[in-house]
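You will see two complexes here that share subunit A, one where it goes with subunit B and one where it goes with subunit C.
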Partner chain A sequence: MKMNIHVKDRVAVVGAGITLFRRRLLETPRELAWEAAKMALDNAGLTLADIDCVVIGTAPDAFDGIHLNGEYLADGAGGYGKPTVRVYVGGGTGVFVPIAAWWHVASGLCNTVLAVAEEKMSPAHPHPQGVFAYIWDPVLERPLGPNLIWIFAMEMRRYMHRCGATKEDIALVSVKNKRNALDHPAAQAAANITVEDVLNSETLVWPVNRLDISPVSDGAAALILAREREARRITDTPVWVEGIGWSLDNTHWYNRELGYPRYVQYAARMAYRMAGIERPWKEIDVAEPYDPFDYKELHHIEGLMLARPCEAPKLLKEGWFDRDGELPTSPSGGLLGVGNPIAAAGLMKAAEIFWQLRYEAGRRQVKKPVHKGVAQAWGDLMQVGTVIVMSN
Partner chain B sequence: MSEKEKLPGHYLKSKEMYELPGLVEYRPRVRYRFSAGQAQTRFLEGLKEGKILGVKCPRCGRVYVPPRAYCEYCYAATSEWVELPGTGVIHTAVISYISTFRERMEKPEIVGVVRLDAPGYKEDSYEFAGLFHKLCGVTEEDVKTGRAIGMKVKPRWRPPEERVGDVNDIECFEPVVEG
Partner chain C sequence: MVRVAIVGIGWYGFKPSVPELSFREMMFEASSRAYMDAGVDPRSDVDAFVSCQEDYWEGIAITDEFAPEPIGGVLRPTFTVAGDGLQGIAQAYMLIKTGYFDVVAVESHAKPSDVESLQEIYELAMDPHYIRPLGVANPFFMAGLDATAYLERTGATREHLAMVAAKNRNNGLLNPRASYASRVTVDEILDAEPAVYPLTRYEIASFADAAVVVVLASEEKARELTDTPVWLEGIGWATEAGTGSPEWHLWGMMPSMRVAADMAYSMAGISDPMGQTDFAEVEDRFSYAELVALEELRIAPESAAHKLLEQGVFDYQGRYPVNPSGGSLSMGVAFEATGLARLLEAVLQLRGEAGAHQLEGVERAVVASWRGPPTRTSMVAVLSV
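Let's look at the complex of A and B:
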């Protein structure tokens, strides 16, 4: 059953581009946006003249250190003289960029959209972690001197308690994703590591160790979306956007159960309904759940209803989510392996589903045949879910 | 895009970055003064008096801590203030070895979320009245083994003369000693 929404045009992804993800890149933010956007255009065999509208995504301005960062990036992202907009939902931005690009096209407003996400975290000193100090509630949270890893640790601890999962169970995500990333040409933190390596790495906020976390990164990614008629002209293998969904909870993260991301489930339900998917755990062939921390991948697999609540750790151990498994997750290597330039990392996940559905992922290509894939991002104060479902 | 693709981007080592010509250092110089707003100002006044105040939605009966001027579910103005006992249970707890700016801390700090005893919520409901705060009298062992979760706690107040109407008027939450 498809959701009864009026879509003027069916929307396809027709090209993708990405820069290296690295701890420090020479390029300015707008140069990164340009490099990824240009690669996406070349990949689709288009020029900027073929693009009607531009959607830009970048996470807090404070990372790049430039306010009105969307406007700053506009020309680098190909927005010169075009209807251009920047969207922002914290860490969820990366997947929100193609969502916004989708409605630009589905509404009939634009034939083609260039969707660009960029993040440069390296300028902030002494550590980009300090920038996160400004996301906290100024009255009730900042006086306690929190850092961002606290809340992740609290969520991870709650998840472990609720699901009976151990640190070893969760570390397997980091092992899997960093291994997958060995085949990703943009990867910053690809490695063959063991569960012991994760457990022996520096404890930052127990239960979170250094290798439970994705790295700090610079980078950009881009997609091109087009309406059906254009898409068929541009390529023989368009990847269709079948459903989109997003949902926001409030910033009072300590007023809700931390063991399950209900807002992710709401976003997923919206996207699946639009895509006519009733049993995502059977119908989705490949998934890119958001993995800034290793437990988050499990949390999100459950939020995306690809496993029952608390079932993901067990399936992970059985190899269910490996590249040759029943339901491969983060075949790209995810944020843990490829890197985490925040907005660009989410868009990298959507791009990976595009490449997987085109069978263009090379050694990253999952073993099973693929028809439908889902990418998801998450962010702000544990409150945002953004989801996109694609098919070939 | 296969693993062989040559991607754009020029990686810099840390040293290379600091040797770049034209590297600009900039420190924003601005100070913010945040007002706590309608609901939280009252809440902070309560803390000064050694009380944890919640505010009740007239429609659904949820009692909000921290208080809000409106019920986000019913979208109705909240009006009735309720004093809570302050007791609750630990929802989650962690041990921090790093500061806000990621410096290693000499003494680790135990922090967590406390689910407060408040009317208007079903047992084990997804949302609840609660606070994020420091925990004392809870050991690292308690956190690691999971004993801490579900532990009954109460606020440890600073002496009245030291309270200023700030979230730190509560020094921490500490276990309730039975009997």
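Let's look at the complex of A and C:
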């Protein structure tokens, strides 16, 4: 890759939309996608006629229960008669959608791009976890009948062991994020809870308790990206995409050091290099690390180099990552608080950084002044990191 | 402006079944050949990797987990496009155009011989509210409706559709990748029992196992790597209505192909595709699709593709050969790799490496693919040397 290249037209985010994250039985996936897309268009003061290209994100087709799901969602996402593509990196898809939208604009091919992520998990019977029975290597792993929460439990256990973190330390993430989500109008699992509540909730796979995990959700989110010339016309407060990065590790998760997400670090390095950021822990003002499980947020904070390896639990206890802290993380409430419609949840994180950098987050606005923010998602078999850095 | 070139291409399979290798091994074979062809080391020279695949075909949820290793993309920027290989080429094109990426690899593969329940999977691609409840056993009925609407609109007859199938099945006889080529005549095709009216089984492409990998590079890098770059002059892709909107679909037409073609042509500066290009590799998973595609690509005037076909314009020896490789009717449909199969054949022709079915003096080609019913997405590329 070439870095430090001359960029004629920067890429900006100019609008965002999000649906309520809930069990949305009354809406089809296409309707959910359109609800978010329309909201983003209204937010930017645009109509579908102003959009050149569309990027769709949705994680396993099996959740919506539709083969070739991108084709199905196309017009719901505003892709009628337009260049439309569905990109896909498992759970990392949410943040990857604006990354793909970035290159649609940065390449000069599209002036305006609608990036839509949608997920409808609730119709899966008997439980969406059933879909995860099909993510494994069909020869080596599937016959063992593994369950996704098992490998999270292994990873959490490994992180606790490697870093000397306790379940109490980790539960603080859930407490913080669910509290933050009280101020999010789309939130599904916002609550004022204590560390004891987390520890006393049902044990699913030790050391993972029910309140350590984000809920099953349906929802959609959308962003609009535009090239600088258009962005200046659309809004006085564009938020710039400064850097993008992603990295996919190998399929053999069991051969990895589970205690540290190397792939997230690689993705972050790529994005920081592009953004000219050398000391992310000082230069990033607000972060949305991916938090489907509470330990994951700590894990990803370290992967994003916002804290040294194993330092995150200590900083968390000191309030470093609170909304009024030094480096607020998941001020939105994250997946633990707002909900986890997989692809839409990742895009919700990117949208939160957009709102924070525009000072439009309302009661969720972090206390310190913000200039640069980072959103990150993770996915596949402990495998992929997707990172986007934005500035105002 | 950065120009983008295809500097390497590799393939494996194009057989009804590849029992000797798993899908991952096929990806490895195809990518090794492509990297050898391009003279690049994927671990140090390739900046991003694109894999084009769909979950349900693979029988794996989140199938992109299996993308990185076989193609050398581990701990590198690797991602999946849930779409045809040519949509992956479009992503690679844009990545290079940003200026940050010099070399990008695009992979797609298909192993339909591993799939036990193709029809059931096709059914899952139908809209769950509007179409599935109709209990239509075979989604190819949509192709039948489309073909009938096409015949009705243009005045073409079943003979014309059979002529497409006869042309492509015979073209494939010289192509080593054309497993389904056969010496078949128009009469034999017409006499066969219709599979989905008005199409007989000769007019519906079978499935093939295949993997194709393409290496693309910026002009600067391409000049370093090869003396025979094939330039990607234009690329376009578009989706018509979503699959949940059968009532909005324009039957017997491919509006998405028109949008994609206009996009690709305007990039390549083409106003008269038949005059400015030498041959085309286009969608033909159903015989009628080739005629529709030729009209939407503006290679043939509206409602006149069948007349030009009658005159032999699109024959292998004709003025403007279409699918000299034999197309999907001869090579089989390789799921998301179908578009890359068309691209592969065009690249080999332009480089003069097509072997027994090499065309003389070809310099510019149109490549077009469509994802097939019930989807509504088309991709078009313009290549030149």
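By our rule, the second predicted complex is superposed on the first by the 384 of 392 C-alpha atoms of A that agree within 3 Å, B and C clash if a C-alpha of one lies under 4 Å from a C-alpha of the other, contacts with A are read in each partner's own complex, and residues count from 1 in each chain.
One rule holds for everything that comes next: a contact is a pair of C-beta atoms (placed from the backbone, for glycine too) under 8 Å apart; a residue touches a chain by one contact, two chains touch by 3 or more.
Please read all numbers here as calculations on a predicted model, not as lab measurements.
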First (subunit B), second (subunit C), both or neither touched by A:E155: first
First, second, both or neither for A:L26, with subunit B first and subunit C second: first
Touched partner set for A:P138, first subunit B, second subunit C, both or neither: both
Contacts of A:Y88 with subunit B and subunit C, given as first, second, both or neither: second
Subunit B versus subunit C as contact partner of A:W206, first or second or both or neither: first
First, second, both or neither for A:P126, with subunit B first and subunit C second: first
First, second, both or neither for A:G219, with subunit B first and subunit C second: first
Subunit B versus subunit C as contact partner of A:R262, first or second or both or neither: both
Touching partner for A:Y359 - first (subunit B), second (subunit C), both, neither: neither
Touching both subunit C and subunit B, counted on subunit A across the two superposed complexes: 65, 138, 250, 262
Of all residues in subunit A, those that touch subunit C in their complex: 1-3, 5-7, 28, 30, 54, 59-62, 65-76, 79-91, 96, 100, 103-104, 106-109, 131-132, 134-135, 137-138, 245-251, 262-263, 266-267, 270, 274, 379-381, 383-384
Residue ranges of subunit A in contact with subunit B within the complex: 16, 18-27, 32, 35-36, 38-39, 43, 65, 122, 126-127, 129-130, 133, 138-141, 143-147, 149-150, 153-155, 157-158, 160-161, 183-186, 203-208, 218-219, 250, 252-258, 260, 262, 351, 355, 360-364
Interface residues, subunit C side, partner subunit A - complex: 47, 54-56, 59-62, 64-69, 73-83, 87, 90-91, 93-102, 121-122, 124-125, 127-129, 236-245, 248, 255-256, 259-260, 263, 371, 374-377
Residue ranges of subunit B in contact with subunit A within the complex: 1-14, 16-17, 20, 26, 32, 34, 36-37, 40, 44, 64-66, 72, 91-102, 108, 111-114, 126-134, 140, 143-144, 146, 149, 166-168
